[in-house]
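Next come two complexes built around chain A: one with chain B, the other with chain C.
Showing the complex of A and B:
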């Protein structure tokens, strides 16, 4: 698993990687995560159940994404791949330069590759034209691609000009035991709407700022609980100031993942105002806590929850207000299903075990495929990515190959120590690890 | 479940994730990409309509050429500043009358400016320009002539680039300032203070007032507007030709490519346009949320 985004960063991609790795370990696979160093967190770390994480010292450029030169990460990556005897490289997130680098090097080294795309992209502006071209180059000889929803699949197939047969849809999941309802935390004299999202434009915070005053004027017992941080916090503070809603609109600031459930269970309604979303785990978490979910109808959201569990509105203030009004009316009349029944309905829809099982099948399929040798890879790059970009990246691929030959001559594979397996078929990490085993495996990798 | 497992029974595939469907994960249904929309809301241009609109750009180009011609004439002494001043005054009065006539035809929503207010602004501007023209004349004395010409050329170009062709009334502040800066530079190279004053008044006429009048004309009398544009273009080429034939040829070429060639390219290339939209696009907020 390679991605720029991993703990201590928090978000959908990070938890996806972590949970998927844990489930794969449980199934007896050996999993190693490679990410870049976060501050003082560098080197090799072991997480729960012996999940080994390499925090490589690569320079972060923008938004926690590393700078890429196509070459400089090869020595480190090769070291990890050889020492850990990796067979499949799985990169996550199209924003992660490190993931694309890893795919590129893995193909040079003749390893099978899988890529998971977690986000949607437009086609209209210059930046998306460029990133889509890069994605085309990166995915044109990748064995298999995974998307988190059907909309995301359509998007990725169009962006990277892929054959849809090699793109699988495997949704995200939530851990239902982390998100259990607790109606006793709700206050009965009011209706609380919970919003948990980063406060940025893409999450539709402007819409939220538009609907708060309208609904608060109509319903004096309506309260908003907003968790998250971001540049659009100003919009909400302005609205709160202008309409004197300090006691009814509470901004909680950034929340840690473990605190999210505590906020969710205080609410009756979960509101999501995103303008674009590939999957949206937030609404799933809301529903799992037994809340009524109201969301905008964008991206992959209509695929996530069955209609009886979600109220979908067009992304504008009037539609969202109307949608919320009907849910509020239902809530008042008591005709909504109980939180426990909603939880019971949601808890089996998406599980990480299921995600891991389906991902395992992708790995099985990929492991049986051949990796294109250099000459065919070059031909494919030039045939698939256009004469200009294709030729440039074919040239880069040749350089990468020569660099790899140099490295192999300098430090041959057989000179490198093989790391001790913490997980996998011959894993030394046991459920109740004796201190000796733990110390042994740690000293072995440092 | 999983890619390439055995094909399932004949239940229709649904685009949902919450159900376990008897299809492999990499299954591609016939409905794949059915929500893809191509070239939505695309505009089909007609050649002559585009040429008409592009004529306005050509007109602006010619205006700059006319302004440079006048400057050349004054600098060579072929045109006295008095003549220029009187001509400008007559043109301004004629234009003002026409502007008023065209304005009265439409009922303007906001309160119209009174004649007195117009006269007041004109007086203030003229007296200040007249008072400051000796200063403006010596403004760039310490700067080399080449630099002044280069700056003027650059600023006139900036004026042309940043001019708000869609809504030219009032002309955009950057384009107007760039044009006036260029005029001050050029006017400061003229022999006398009165020359400078005449040149600046003329610049104001060409760059500030003329676009306002033209916009009125475009709104109220589109056919005459086209005629005026053609007239200005011919005037520009002819005027420049009397002083600098090579320049006139260049201007004619530029006008031809802007008004005839570019619209042709636009109309031809419009057919190549392949714009795709779908449910993955970021929703746009159309409402005005500023009132909240």
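Showing the complex of A and C:
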């Protein structure tokens, strides 16, 4: 698994990678995660159940994504791939430059590749045209692509000009035992609306800023709990200042994943105002905690929950207000299903085990496929990505190949020590005494 | 007991490991690196001198040539005195401590001793070194206030950098001795 995004950074992709890896380890696969160094956290770490994480010291450029020059990461990546005897490289998230780099190098080294796309993109503006082109180049010779929803699949297929047959849909999941309802935490004299998202434009925080005063004016017992951090926090603070809502709108700031449930159970209604979303884990977590979910009808959200558990609105202030009004009215009249019954319905919809099983099938299929040799790869790049970009990247691919040859001469494969397996068929992790694992953050290898 | 097997370092150069077990509680491990080869010295010297001659050809200043001679001599001296390690040894004495010493090509020796009471454990760890990921042997030191915590890590065999099979051998014997006391 390769991605720029992993713990200690927080978000949907990070937890997806972690949970999926844990379930794959449980199934007896060997999983290694490669990401870039976060501050002082660099080197090799072992997490629960012997999940090995390489924090490679690569320069971070923008938004926790590494700078890509296509070449400088090759020596380290090659070292990881060789010493861990990797067979399939699985990159996550189209924002992750490191993921694309890894795919590129893996193909040069003749390894099978899988890519998971976690987000939706537009087609119109300059930046998305450029990212789409890069994605086309990156995915045109990737063995298989995984998307998190059918909307996302459609989007990715169009963006990267892929053959839909090599694109699978595997949704995200939540851990239902982490998100259990607890109605006793709710305050009965008020109705609390919970919003948990990063406070950025993509999450529709401007819509939220528009609907808060309108609803608070109409319903004096309405309270907002907003968890998350981001540049759009200013908008919310401004609204709070202007309408004197300090006691009714609480901004909690950045939340750790373990605290999310504690916030969710305090609310009656979960509100999601995203403008674009491939899957939306947040509404699933909200529903799992037994909340009424109100969301915008964008991207893959309509696929996520059955209709009776979610109220959909168009992404504008008026529609969202109307949607919230009906849910508030239902809440007051007491005609909503109990949190426990909602939880019971949601808990079996999306589980990580199921995700891991489906991912396993993708891996099995990919492992049997052949990797394109260099000449066919070049022809494919040029045929698939247009004469200009195709030729440029074909040239880059040739350079990458030459660089690989140089490295193979400089540090031959047989010189690299094969890593001791912590997980997988020959995993040694169970033999390591658990006290020792807890004692060192950098754990000993026996 | 003397043992000699062929091992290589992380760059594929051959090194030799010499295990001497003085008693059941005391053993010494010496990792020796091959001596500076005369060919390598010639190549480096030739490079510096050819470069100097090229500069001299264009500037016609004899100071360039004399400084080249000076640079080669000083560089060689510094190299054998501070960089080139002939052998590194690790002496483990149960109940007393660990002595780490390295002797340079010039004959200079540096020695450090770590008391057993300060040592928590000896482990093999993984690290990213230059553009490689390598295994290395290290001593974990105890935090004086909290015996469970690790205050710092002392890497062993820093300049010879043997590969895993060699490290495992040293590690096993070290663990045997440490576990006895």
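One rule holds in what follows: the second predicted complex is superposed on the first by the 430 of 446 C-alpha atoms of A that agree within 3 Å, B and C clash if a C-alpha of one lies under 4 Å from a C-alpha of the other, contacts with A are read in each partner's own complex, and residues count from 1 in each chain.
Definition applied: contacts are C-beta pairs under 8 Å (C-beta built on N, C-alpha and C of every residue); 3 or more make two chains touch, one makes a residue touch a chain.
For clarity, every value in this text was computed on a predicted model and none was experimentally measured.
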Pick one for A:384: touches chain B only (first), chain C only (second), both, or neither. neither
First, second, both or neither for A:239, with chain B first and chain C second: first
Contacts of A:79 with chain B and chain C, given as first, second, both or neither: second
Mind working out whether A:412 is in touch with chain B, chain C, both or neither, as first, second, both or neither? second
Once the structures are superposed on A, label A:304 by its partner contacts, choosing first (chain B), second (chain C), both or neither. first
If you tally the residues of chain A touched by each partner, is the higher count for chain B or for chain C? B
A:44 in the overlay: touching chain B, chain C, both, or neither? Say first, second, both or neither. second
Shared chain A surface residues [contacts with chain B and with chain C]: none
Touching residues on chain A, where the partner in the complex is chain C: 42-44, 54, 56-57, 75-76, 79-80, 83, 411-412, 414-417, 419-420, 439-440, 442, 444-445
Residue ranges of chain B in contact with chain A within the complex: 1-5, 15-18, 24-26, 28, 32-33, 35-36, 275-287, 289, 292
Across the complex, what residues on chain A touch chain B? 120-124, 144, 149-152, 154-155, 157-158, 164-171, 202, 204, 206-207, 209-210, 213, 239, 242, 275-276, 278-279, 296, 298-300, 302-306, 315-318, 349-350, 357-358, 360-362, 364-365
Touching residues (chain side chain C, partner chain A) in the complex: 8, 10-12, 121, 123-128, 131-135, 140, 148, 150, 163-164
